[in-house]
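Just so it is clear, A, B, C and D label the chains in written order, and each chain counts residues from 1 on its own.
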Amino acid sequence: MITTAGKPADPAFLIITGLALNAFSGVPGLFLKRAAAVGQKLATLLAVAGALCGLAGCFSAIASGETESFLINWSLPFGPCEIAIDPLAALFLLSVFLISGCCAVYANGYWPAAKQPATSRALSFFIGILSASMALLIIARNGVFFLMAWEVMAVSAYFAFTVESGKVEVRKAGMLYLVCTHTGTMALFVMFVLLRNMTGSFLLPPTASLSPFVPGAALVFFAALFGFGMKAGIMPLHIWLPAAHANGPSHVSAMMSGVMLKMGIYGIIRIISLFTPVPAWWGAVVLGLGIFSGVTGIVSAIGQNDIKRLLAYSSIENIGIITMGIGAALIGQSIGNQTLLFLGMGGALLHVLNHSLFKSLLFLGSGAIIHATGTREINRMGGLARRMPRTAPLFLLGAMAICGLPPLNGFVSEFLLYFGFFSGVKESTAPALLGMGLAVTALALIGALALACFVKVYGVAFLGLPRSAEAEDGHESPWQMSAAMGLLALSCLAVGLLPRYAAVLVQPAVFTLFPSLVASGSNISTHVPLDVLGAIGAALIAAAAILAVVYHRRLKSAPQASAATWGCGYLQPSARIQYTSTSFAEMLVRLFRGTVRPRYELPKISGFMPASAGFSSRIPDTVLDAAILPVLRVTGIVFSFFRRLQNGEQNLYVLYIFITLVLLLVWIH
Amino acid sequence: MTDILIHLLLTIFMPPLLLGVIGKTKAAFAGRVGAPFLQPYYDLAKLIRKGSVFSDTTTWIFRAGPIVTLAATLVAALLIPLGSHNSPVSFAGDMVLFAYLFALGRFFTTTAALDTGSSFEGMGAAREATFACLAEPTLFFTLMTLSRLSGSLSLTPMLTNLTVSLWFRAGAALILLVGGMFIVLLAENCRIPFDDPTTHLELTMIHEVMVLDHSGPAFAYILYGAAVKLFVIGAFFIHIALPIKTGNPLLDWGVFILSMLGLAVAIGVVESIMARLRLLRIPQLLVAACILSAFSMLLILR
Amino acid sequence: MFYSLVLLPIAGALLAWFTPSNRHRPLVLPVFALLHLTMVADAVISPPLPSPGGWIALDPIGKLFLATITLLFLACAFYAVGYLSYRQERSNRVLCMGLLVCLSAMTLVTISHHLGLLWVAIETTTLAMAPLIYFNRNARSIEATWKYMLICSVGIALALLGLFFLAYSTIVARQEVTLLLEPLIASANRLSPAWLNAAFIFLLVGFGTKMGLAPLHTWKPDAYGEAPGLVGALLAGGLVNCAFLAIIRVYQICMRADDTAFYHNAMIAMGLVSMAFAAVFVVRQADFKRMLAYSSVEHVGILAVALGLGGDALFGALFHVINNGLTKGVLFLSSGNIHRAYGSKNCEQVKGAFQRVPWSAGLFLAGFIAITGSPPFSPFLSEFTIISSIFGKGEMLTGALFLIFLAIIFLGMASSVLPVVMGKTSPAVVKSNYRDRLLTVAPPLFLMAIILMLGLWIPAPLRELLQQSAQLLEVRR
Amino acid sequence: MSEFADQLLVLVMLINFLVLGSSRMAIAIRAVAVQGVVLGMLPAIIHSFSWHLVAIVIGMILAKGVFIPWLLFGAMHKVQIKREVEPFIGYVSTLLIGAITTALAFVFAAKLPLAPEHQGLLLVPASIATTITGFLTLTTRRKAISQVIGYLILENGIFIFGLLLTSAMPVMVEAGALLDLLVGIFVMGIVINHISNEFSSIDTSRLTALKE
């Protein structure tokens, strides 16, 4: 139905082939009931082929820097349907294809069809649909078509992460997710309709073609923020996110956190790009939301003891960082600070890519831990580095990357953002200056908190002694899992060491968003010394290597001994006296208890010889537990009051008819 | 070229001297003769030759910790200008790298501590990570103030642009800034009143408790790394506190060395006349530093 | 031709009545349903000439409704064979006959252009349905039947009064006294406004009761809850649409009056109130068939709002008639299977239907996703059209309320449907040997396939038909 | 002629009060039967002769005067219920409300824009008053039989209005309407029977298992 056919080497052709392969990947498995393992292998093969195809398409689309669009002749009454691939779309497609390919490989080890035939079939199918629908929504240029892909994405993600629906918490998480995503989609309904009101068509207008000052534009903006923010998990719309990420299979969590959240970001960016330079307050709102989610997200993450919940909150934090970048870029645009515009948007976009790399890596890593120990509770882990020699360094790399440490990719994107914010501080005046100052401070605080958070995760889960029998029995995961993680880790390192090439990926997307910048002749590399950054990263590695060689020589030339850890005189230290996840975070949680509201269940100790008692602590979600649930509860009470209207008394029912009649008659009168 | 050479030599060889000066000052306050100025060098030489004991629990992280930390600190040392001389490596945005290199060091120090599985080292790691969260904003406030003052985004121009005359123009702001930075200097380098580098009492410490299990060359790396860190952050601090410039390159080097020694003496004095703070007070002091620097930024920006 | 459309099911009903074997009798249903379908297809493609006097004619609106009804009936007929073979212990004579009589009456509703005839046909559907609701013959079903009978009778009586008012308005205005649609439409702007208003109100309340607009919907949950699944499907997908068609006919007349603001507002208000009621009752609804009833209340509310809005929403409303009808078919048929498999329709007891009746559970879930307006199913398209028209007209408050109610209803339905389908069957629940069979699964699957197809591709003839129908409702001044 | 019609209509309204005020079911059933017969005669009085008219009159009288009362009496005997014990609103109050609504019906009818030939007739107020009486019975009485009676009264009210336009209504429709109503009542009768089988009572306030 595509009116303009693409050549085989065409980026659009490759991308659509990749998309179709992904969508189809789980289908053969559905018919291979007896041979589930074959179905899964086939699904992997198709998904990987789709991913390669799609990646090739993305790279060539970015390289060409041009927009290809096609009109599709569809029969739905919403005007013509267009799909288009521009560098911005290609950038987001990059993470879709990369992560879905990795997850498909990973699934073979993590969720082997041989062990779970029924669920693995469903999982392959829905993951295929999920990645295809994400790719589709990225290239959709008709609002209704976008919404269709969007909702298919939302629903297939639901089915993917609730495959183990026998578990209560999975169902609860699914329910929460479904309601939230549906609410968000409704906001998008409104948004696209309002947009249609402005343009007269459901086709997305060209970049920078709408005025943000006409009535309704602000409403579009807020509807987009709500609808897309709900999906992206911007605080306080993140309520579905922790439970959904925690309770799904890990590779689904990786897809959701690594890619699906970004669809929200994509939506926000795409919609804002339709407007001519927007007023500064739009940027301020976005920036404020970003700062709020970033700080609150990471503060909530630190207190978590469930490794996947923790990663989920950290996703909220990273989404916050991305949002900060977008907001700063908008402010930069409106105050005419080109560096800020460039680096805010460039940093945000690069962070989108980076986050999908390292967060997927970490989720896959957490999957490996769960595979090994069967628990998500960090407090029950420990000593896994010895038992999982392949996974541990990969996870460490991911943890370092997410903390934004050089020489990894997280540092590069955060560097761009810092640089942009600093340039704002350096040059701008009062209100924007305040915003940028806050942004720098927030980013610094987030960085330090993230570091504490991931030191805790890595240290408590992988290092020290096993805290439970499960951790004691931990084992390395199959090669497919390590391979998927290895590829992601490698990508993290590559972006960190070759930031110039990462900037090349992002650059065309920034130009697509702000066509006026093309004329300026500058690009990210002219603003930021990316080569030096890469070189310093290499130098750092070299320095460490030299020091390591020296150290190694010294070690060899002197006697070595091994002994138990020094217990400071304590004679029989057991694994249980180690610092735990809870105790590591205790100080920070206490510092931020206004935000995170920890709940402690203290043991009751009474009498002489008290029985054994337990202490547990839990960090509930502040927004969900303190705001949303009480409101829902009150609503429920109000509703149950109204439900008495239908109390089974027929007489009353007749009375309703009469009253309706009378009311209508009175109204007309 | 000469300046770079001097920079490298100073960075490599001077840091332990500062420790020696601090030790001597404290000894003087205590009425003792004290260890010689060069004692830290002897210690390092001794440690590097010594054998090592490793805990059964540890993995390669434990060994990598001191190495990476030292490497990161040394790279950071390349970014900081000493006195009025430019740093060997300077580029726009290097202050962010500067801050994050220390973060990298912190990451490895704390994970290495957790690698031992000791509850004490875990405690130290938790404290280190926690207090860093409070110190980090102060550093960035300072960086923002400096970049605004100098109109640049690189450490060298930011710091070398500071002059004595600035003290006359914006003295109040700079005093606040110096106060904030001094607190961060002490906290980052684990000096009294935050931490006591001389004791090895487990329950009261942050940094020292994390390295309890390290021995031999690794411990040498750690000690040396700590000294370099003190040197680097000290150099940063000196720029703000004593922006004295003579115009003569060699004279400037002298001024710088003297200032650094003076700083070491000052630290020694502080350590001698103050007691270590209660742990609960430390966050308060760090937040105070943060407020000082934020206020100073406001004064400059207004 | 018209007569055969109406009389064919009657012949079927007689055949069913006189078939002695309880086992073979249900086979009459699919045979006649197929015959009816072919005849309808023929009539839709080349509509026969209107009857002399214009009492009976097939306009585009009628075609739409007729096609929906016959499709739905076809699915129900096949389903009935499967269902009744499972319930051999009970005589199905009345059921088979009632279904066919109902089909006949529903057909008559869609083709009659005389309001009196229309009324008679609708009343006939009401009566023919009563014994079907009572099929299970227990205390709950008799209660439901009683309430259904009484409330609907009162409603339909009011509609009759409304018709009288309408006729009287022609007398007062000294026009030709008639209840024929076309003359009334032609003379609508000359009719006495006061009587026309009164007629509108009574007809709205009367047919609204039948349609299930809140707060006139009170019989709905009881009847839908207690009737067998296929009867529920016909009630929700067939009778509701018939009543809506009656309202559309009235609306066609009223839209030609001079001052139509009240009609618009009254429809929108009734629609929103219905959605609000549905929202209140769907939340924490313990009985999943009653929940479907409230979902039906919600959707008639949506239809009413869309009709009240006019403009683009009319296309959406008419399309939604098809979508809602067929989707409700899926939901009721599959929920009937689940009900059978568990011997209960309480969400507390019915959990994890995927394990017992995977196909039905899957269809129920898919139907839920469809009815709540998720792509790629067709209700999304119609609901989106309606929403876009609400906001397109700048009715922000209506739109906001509309969306809030939709969201609450989604929450309520999801929290009932998901545990039923996914969850884990508790060991305390009685084991049953009811399993999915071809005849009980294929019909809803067939409907689901249509919904999916319409969600992705609207055939050009259908689109044209919808547009023509919408134009009939459009006011041309 | 119209004066006689008016007198009959007054009778109809008085019967309304009788039903509202009586607790005995037998009285109510008979009263409604009488009301039906009276109404059946009305078309003959108002309109000129036609076969169409004859059919309606005979049909009405047979259905409302004979068949339905027979059905209701049958149901009543079967369940052994003679009186409405606990109405939602007492008899005196219902009578009072009935009186007020009847008065209001007159006021209201006077304001309606009637065709000139219908001005001053009692048909419209009687129709409104009877309809409301029907509603009143339906909402205040608990027993199923009483509710059927209420429904009948409601029907009668509507029928009275229909008299205004007998000439306008084609036979087929009118006959159809009549037949439908009749079948409706018939079905209700059957349902009542089943209710009494199922609950051994036809107190509809017991029929409240289905709610919310």
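In this text, a residue touches a chain if its C-beta (ideal position, glycine included) is under 8 Å from a C-beta of that chain, and two chains touch if they have at least 3 such contacts.
Treat the numbers as computed from the prediction; the structure is a model and nothing was measured.
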Touching both subunit A and subunit C, which chains are there? D
Chain at maximum distance from subunit A, centres defined as averaged CA atoms: D
Can you identify which chains form the pair with the largest number of contacting C-beta pairs? A-B
Averaging over Cα atoms per chain, report the distance between subunit C and subunit D in Å. 30
Averaged-CA centre spacing for the pair subunit B and subunit A, given as whole angstrom: 36
Distance between subunit A and subunit D based on Cα centroids, please, to the nearest Å. 68
For subunit B paired with subunit C, centre-to-centre distance based on mean C-alpha positions, whole Å: 77
Multi-partner residues of subunit A (each touching 2 or more other chains): 643, 646, 650, 652, 654
Provide the list of subunit B residues touching at least two other chains, using ranges where the numbers run on. none
Which subunit C residues reach two or more other chains? 146-147, 150, 154, 158, 221, 281
Chains touch one another in the pairs A-B, A-C, A-D, C-D
Once bound in the complex, which stretches of subunit A touch subunit C? 74-77, 144, 147-149, 151-152, 154-155, 162, 165-166, 171, 174-175, 178-179, 182-183, 185-186, 189-190, 192-194, 196-197, 635-636, 639-640, 642-643, 645-646, 650, 652-654, 656-657, 659-661, 664-665, 667-668
Applying the document's contact rule, which stretches of subunit B touch subunit A when the two form their complex? 48-59, 61, 63-64, 66-68, 70-72, 74-75, 89, 91-93, 95-97, 99-101, 103-104, 106-107, 110-111, 113-123, 125-127, 129-130, 132-137, 139-141, 143-144, 147-148, 151-153, 202, 212-213, 216-218, 221, 283, 294, 297, 301
Touching subunit A in the complex, subunit D uses residues 88, 135, 138-142, 147, 204-205, 207-212
Considering only the defined contacts, which subunit A positions touch subunit B in the complex? 382-383, 385-386, 392, 396, 400, 403-406, 411, 414-415, 418-419, 422-423, 425-426, 433, 437, 440-441, 443-445, 447-449, 451-452, 454-456, 458-460, 462-465, 528-529, 532-533, 536, 539-540, 543-544, 547-548, 550-551, 554-555, 557-568, 573, 575, 577-579, 583-588, 591
For the complex, which residues does subunit C have touching subunit A? 146-147, 150-151, 154-155, 158, 197-198, 201-202, 204-205, 208-209, 215-216, 218-219, 221, 262, 266, 277, 280-281, 283-284, 315, 352, 354, 369, 372, 374-376, 380-381, 384-385, 387-388, 391-392, 394, 399, 403, 406-407, 410-411, 414-415, 418-419, 422-424, 457-460, 463
